[in-house]
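What follows is a pair of complexes built around chain A, which joins chain B in one and chain C in the other.
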Partner chain A sequence: MATDLLNILPQLIVLSTTAIVLCLEMARLPRAALWALVVGMLTATGVAVDLLGTDTTAFSTTFRVDALSLWAVIILGPATILFALLGRSELKDSAREGTIYSLMGFSALGAMILAGSGDLMFIVLGLLIGTLAGMAMAAHPRNGPSSEGAMKYFIYGSVAGAIMLFGLTYWAGLAGTTLISGINNPDLSSYAVMFGFITLVIGIGYAASLFPVHFWIPDTFEGAPVSIAAYLSVVPKIGALFALAQVVRDLPVSLVDWPLILAVLAALSMTFGNVVALWQNNVIRLLAYSTVAQSGYYVLGVIGVGQSSLAIDSLVVFGVAYALMNTGAFAITLGEGTRLDDFKGMGKRRPWQAVGMTIFLLSLVGMPPLAGFAGKFLLFGAAIESGYSWLAVVAILNSAISLAVYMRIVVPMFFQETEDRQIKTYAPGTSFVWISTFALTIAAGIGVQWFLA
Partner chain B sequence: MDFSSLPLLSITTFLPVFGALVIMVLRPKQTKTAYGIGIAFASLTLLAAIMIWIQGIGSGLSQIEELSWIPSLGIAYRLGVDGISFPLVLLTAFLFLTSLIFSAKIKDNANIFIELVLMLETACLGVFLSLDLFLFYVFFEITLVGMYFIIAKWGHEHRKKAALTFFIYTLVGSLFLLLAFLALYLFSDPNTFDIQQLVANPTITGLAATLTFWGLFIAFAIKTPLFPFHTWLPLAHTEAPAAGSAILAGVLLKLGTYGFIRFPLQMTPDAFREFAPYVIVVAVFTALYGAFVALAQTDIKRMVAYTSVNHMGYLIFGVAIAAVTTTTSGMIALDGAVLQMISHGVVTGVLFLLVGALQDRTGTREMNEMSGLLKAYPILSGLFMLAAFASLGLPGLAHFPAEFQIFLGGFDVYPIAVGIIIIGLPITTALYLRAIQKVFLGTLAEGFSGVKDLGSRELWAIVPLILATILIGIYPDSLLSMIHATTNFFGL
Partner chain C sequence: MAAILLTILAPLAASALIIVTRKKIGYAALTGAAGSLAGSILLFRAALNGAVTQLQFAGLPRMLFRLEATEMAAVLSLVVAVITTSIFVYAIGYMKEEKGKLRFWSGITLFMGAMQLLVLAGDWILFVIAWEVMGFASYLLIGTWYWKKEAGDAANKAFTMNRVADLGLYVGVFVIILAGGSSQILAEPVQGVSVVGTLALLLAVMGKSAQVPFQSWLSAAMAGPTPVSALLHSATMVAAGIILLLKAFPLFPPEALFWIGLVGGITILLTGATAIFSEDIKRMLAASTSSQLGFMALAIGAGYPAAALAHLIAHAFMKSSLFLGAGIFQHEMHSTNYEKLKGSGKKLKLAFSGFAVSGLALAGIPPLIGFWSKDAILTAGLQADPASWYFPAVLIGAFFTAIYMGRAFGILWKGHSEPEEKPKKLSWMHLGFLTLVTAVIAGWLFLDPLVETSGFSIPKDNIAMISGLGAAFLGLAAGWVATAPVFKNRVWIFFRDNYPVAGGYTNVIVQPFQMLAAAANLIEQFLLQSVFEIGKAFLMLARWLADVPDRAVSFVVNQIGAFNLNISQWTQITDDRGIVEWIAGLVASVQRLGHYSRSIQSGLVHRELAWSVYGMILALIILSLTYL
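And then the complex of A and B:
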């Protein structure tokens, strides 16, 4: 029991931090709440770094303490701090500013629980915590678009969650246990397991923004504050995909050809996300569809689980890269404005920010030596090693399309003149976020070795 | 002389980008100062490259520099040089220096322009010197970004479209390269990205080797380019600024051809041998197609761009011959192909600079609107004619020894293919003679007389390249002996 508690210390720290943050908000001390979140998340991250290399389970194998769950804390802890700083820049002095910080903490806790799920109930629990907190954040501005977005998020979430819960009862019924490892039994009925898996993919795919359960994304992102959209694009996704990896680790291919199902979903997500992003004129919507595409690439790593030596490394490295580059791109968008026209002439007006945005976008395309490249490199390697070369080919063709998508932001920055209008300024928090993610996007690309097992 | 204590290859590679950093930090207000710094660093790079030469180019890979980078994946920072990569390093250093001198007239955002050109130089040198697939790929991709911005910012009328087409098209190619590299890594034993080990011991076989070969083929066929992957080239070459076109044709196309020799030929030799007949068909078609389409152009810059397609056809023909046969004729063809890279770099580089000078004066690239320019600009016209003669393969100038060896080597194995591909020669002759007749001979068209002939800046850029053209033409052995030592060492 004591070792169990010690092993899940990072998650416990996040939980207590969030509770403290909530109390501080009740005392109407948003600044203190922010600082409490920063300190708590850093502590949790530090503990997780210290635990790295552990591979065990806690509480009768219901929670897994392994590379995935620890890296989830190491990635999402600092990422949550960055999002909170963006939130501070955007929502400072708004009513209930502090609730954002505690909701971010709760939602991150949900993602961290997902990433270590050893039991189906943890998947359900993690998904619910994440969704409920996320929905409240999306509705924060209390105006038309944000309420509409949050409503869509909520309804999609409840339906997807209900379908998943229904399907998972089959798994539990068949295996006689809710432990994920219970499904690792070749004698089970293939059809029932397949049904359960498909419903699971619907539930997880919703949080991970995979096609075809991504429809809430563009509207929710557009209605929500930019900092919240940034948060929703990163945190739930990484938690959900790590959970998927935890499930397929124990799922025999003889029962369900899960790599094939995931491969088809990955191909559809990438293609749909990139092609639709080509027509967007709002940067947030463009980035929203781009997150759908990025999830598609990310699934390549899950397909490699159990079949490729690169799989876990690729999930971790791409997770780090994605958190950095996507956060950076959202931070610059927060500073500049959400219309494509807001980026016109940025190269002259703010050369460093323009270079920063270009680096984030090229990293999303997968240009070396940036972090996104290191991640995609490992993802493609995992897919090829698992015998899914055709999927790797689909992924590279999509990378080429995505270049056209991201260039739609780069071109106005450098080759068009600034519109005659009021230019927004960067809050200190926003500047801190884009500069730190900028430096780390380059550093993580060159120093991939740090993230490899 | 002995410089062995210095990491000469790394110094050569990173000197240009260091120059870019100096400009970035100093932010010179005067464009003259900026160009001074840029040209100084480009000259130092050339000097460093020459020091590598003095140090001695072995037949195998030598002067290896190695640093640990990502040991878990068998990736390291590895540089080295042999008789095939060194001539390209020399060409790169030389062509970037002259291009930078030529572009000193660009005043619009000059600092950024010079920084980009220097960054591009580092990337190109890095590609030729890398001995690690991962490192190679990193440099290979950076060239795309650099070139995209050069075309999109400083190009002509349709620059944005041309730049984006170039970027996306060649990105598709390099992504196929990435997949092929991953396959080479996954099928090597022990897993490594080390080019030396992959060359010494090509372990990939069967279907995997076939797929890898075609992945590499598509990647380099887009870059080179070969028909039907060439469609990005005319647009990019025509719309880029003169120096950009010279670098694009002179150096960036060589990334593709160098890749053909370094990767498929050495790492999947059996697959290449098996599919060489297809490659030969593509190469022959490319050579003839390039020649005929060039013949149909009225825009002089597009015409030169298409002759590049023609020359690349010859070049890949030579490489494919080397893949088929291990006899001396294969080696002769490969020697020719490597020399062709250098000849084409120098000759097409200078042709693009001359076309740029022409466009600066006449304000047009349409051959129908120019005539009799020999009277107005005797020096420019004379040099252009000389370069054109070199490009069509006149003996005594750079292309002749290269193409002669390619055809000679090929004749032994595929005489009929040589018979067909050689039709390209009279066609290019015809098109250049027609261009010379239209543009430089006849009566001087009105409005072209007032402007001066080539100035000293242009001469400093163009004359060294012309001298190199003549030198390679009359004394090809200056490079061939080095190239031959390495192709001999391949022992294909």
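And then the complex of A and C:
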């Protein structure tokens, strides 16, 4: 029991931090709440770094303490701090500002639980914590678009969650246990396992913004504050995809051909996200579709689980890269404005920020030597090693299309003149976020070697 | 170790400095180039002593980044540095009165740094990085005058075409790394690099080195300033493709070499013919670049990398000085059209003599540098065992080269003569230009030692030399005579057909080539259409599965529409369409796909949920099929 508690110490710290943050908000001390979140998340991250290398389980194998769950804390802890700073910049002095910090903490806790689930109930629990908190954040401004977006998020979550629960009852009934490892039994009925797996993919895919359960994304992102949209694009996704990797680790291919179905969904997500993004005139919507496409690439790493030595590395490295570059792009969008027109002439007006945005977008495309390249390189390698070369080719072609998508933002920055309008200013928090992610995007690309050691 | 870093970082530092300070930018760039030159001289001296400078640092897991100045890399780095520095000197004069200085200088220094990185890269990942950065820098440079529509279009064209071909580099590098288990660029053969892997690399080479059918971006790239053209066409950018072939040469399986030779041979002939019929001096030079790179590809296909390396070095000096010469004409006469340049050689004697020396070298007249390298390529073609058509292809190519150079001399010299102006002071432009011309003249002194330092020896053969000389003189004479713009006026074409030397080209050579080009184009279009159609068919299938009754009507309507579209597309194929159009077509179809996909995203929750359920059912069906 005591060792179990020590092993899940990072998650416990996040939980207690969040409770403290909530109390501070009740005392109307938003600034203190923010600081508490920063300190708590850093502590959790530090403990997780210290635990790296452990590979064990806690509480009768229901929770796994391994590379995935620990890296989830190491990625999501600091990322949550960055999002909280963005939130502070955007929502400072609004009513209920502090609730955002506690909700961010709860939602991150959900993602961290997902990443280590060894039991079906932990997947359900993680998804519920994550999405309920996310929904409340999306509705924070309490106006028309945000309520609509949050409502959509909620309805989608209810339906996807209900389908998933329904399907998972088959698994639990067949295996006689809710442990994920219980499904690793070749004698089970493959049709029932197949049905359960599809519903699980629907439930997890909803949080990971995979086609065809991504429909809530653009509306929710557009209605929510930019910092919340940034949060929703990163944290739930990494948790959900790590959970998927935990499931397929124990799922025999002979029982259900899960790499095939994931490959199809990956190809569809990439293609759908990129081609629809070509049509968007709102940067947030464009980035929303781009997150759908990025999820598609990310699934390549899950496909490699159990078949390729690169799989776990690729999931972690791309997780880091994605959190960095996507956060950076959203931070600059927060500073600059959400219409494509807001970016006109930015190259002259704010050259440094323009260069930063270009670097983030090129990293999202996967240009070497940036972080996104290292991540994608490993992902594609994992897919090829698993015998899914065609998927890697689709992904490479999609990278070419995505260049056109992101160029839609880059071109007005450098080749058009500033419109006559009020220019927004950058809050200190926003500047901190984009500069630090910028430095790390470049450093992570060059230093992957040390990064993984 | 410091030298290798200096070679790469000096220009990059200059680029950063230029963006920040924005003052005295031309001189800052020149300092950066000089630093790089100094570094490469040190590397070269080390290579002469047989020492290979190496540097390793962090990279991908189990794949370190690695810089390595092998003998060949040191030689190439020196050539790049000398040529780039001369062009920078020239550009200080050229850009004095032009707009867009900041963009030009920051871009061109970045470009130089990327090229040095590419040459000195000791592992494939770093090579890809350098390749991409250079592509991006070339985009900036071609679009230096981005406010002109022509320049913007040209930059986009160059970039998109290169991106299409670059996919080959990624696939090829993947194959190499998976086959060898290491990202290091090795000089020993690696088992398992298949023909497919070689062909993927060849695709990248075809894009970067402007081989048929990707040659058109190169002439469009003329929209940039002249120093940019001179740089792109000589030791950098297009040379990157050949450097890729040289670095990967030990890895190629013997049966794959045939394809490299084939691409080179076709390019030599087709683009050589284009150069003959050009109406514009810079476009002539652009087509000539493709053709000369074809020589190098063919030499590699024949199994003689030494000949390719020799011609790469020689061509770099010749083509950069030709461009700088043409730039002086453009600067003085404000045009590059042959019609406007008639007889201007008498007015600009110094520029003309420099241009003529380099042109004669390119045609292969001894003792200039081009004679030696062309001799090497001819020998390679002659001695290549399996492919007996290599030698005739090279010989005809050499003949074509002499014709288009002879024609350019004739046009620049003949015609109305204006009174000669007093020679101006020796300007920056002349200084850079004359440095390169000197190198062309003195080439016989250093070409052999350079190639030998790289660990190769230039092949030589008497039959090749004599037939090459014959082709050069004959071609020059023919070109000198055929200076009139024969290809515009039908009467003139008839008239010219009576002349024994120049007559018959149009009928005997041009038309078959044009037909060949059209046929190649047709096959390409057919392949493309098939791919489109398969894609469309899948789209239709998806639609049909989703909602049969509702969609039936629109399905038929769409099919009819698509059919009509196809007919109109097929009728257009008879026009002389290039690869740009199909890229545009590809873009349009992607956009159409986006438009269609967007209609799924209706914004109504119940409809979108229905789509999700359809998707789930489809996934169930696919999985059930795996049990059958």
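Definition applied: the second predicted complex is superposed on the first by the 450 of 453 C-alpha atoms of A that agree within 3 Å, B and C clash if a C-alpha of one lies under 4 Å from a C-alpha of the other, contacts with A are read in each partner's own complex, and residues count from 1 in each chain.
Throughout what follows, a residue touches a chain if its C-beta (ideal position, glycine included) is under 8 Å from a C-beta of that chain, and two chains touch if they have at least 3 such contacts.
The structure presented is a predicted model; accordingly, all values stated were derived computationally and were not measured.
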Fit or clash - chain C, chain B, common chain A: clash
Greater chain A contact set [chain C / chain B]: C
First, second, both or neither for A:Ile384, with chain B first and chain C second: both
First (chain B), second (chain C), both or neither touched by A:Ile396: both
Partner chain in contact with A:Met367 - chain B first, chain C second, else both or neither: both
Touching partner for A:Val448 - first (chain B), second (chain C), both, neither: both
Partner chain(s) touched by A:Phe415 [first = chain B, second = chain C, both, neither]: both
Touching partner for A:Trp279 - first (chain B), second (chain C), both, neither: second
Partner chain(s) touched by A:Glu222 [first = chain B, second = chain C, both, neither]: neither
Touched partner set for A:Ala404, first chain B, second chain C, both or neither: both
Footprint overlap on chain A, comparing chain B with chain C: 313, 367-369, 377, 380-381, 384, 392-393, 396-397, 400, 403-404, 415, 448-449, 452
Residue numbers on chain C that touch chain A, as the complex places them: 19, 58-61, 64, 125, 128-129, 132, 146, 152, 163-164, 167, 170-171, 174, 178, 587, 590-591, 593-595, 597-598, 601, 603, 605, 608-609, 611-612, 614-616, 619-620, 622-624, 626-627
List of chain A residues in touch with chain B within their complex: 313, 362, 365, 367-369, 373, 377, 380-381, 384-385, 389, 392-393, 396-397, 399-400, 403-404, 407, 411, 414-415, 448-449, 452-453
Contact set on chain A toward chain C in their complex: 152, 155-156, 159-160, 163, 190-191, 194-195, 197-199, 201-202, 211-213, 215-216, 218-219, 256-257, 260-261, 264-265, 268, 271-272, 275-279, 313, 351, 367-369, 374, 377-378, 380-381, 384, 392-393, 396-397, 400-401, 403-404, 415, 446-450, 452
Partner chain A, residues of chain B touching it in the complex: 69-73, 134, 137-138, 141-142, 144-145, 149, 152-153, 160, 164, 167-168, 171-172, 175-176, 178-179, 182-183, 185-186, 211
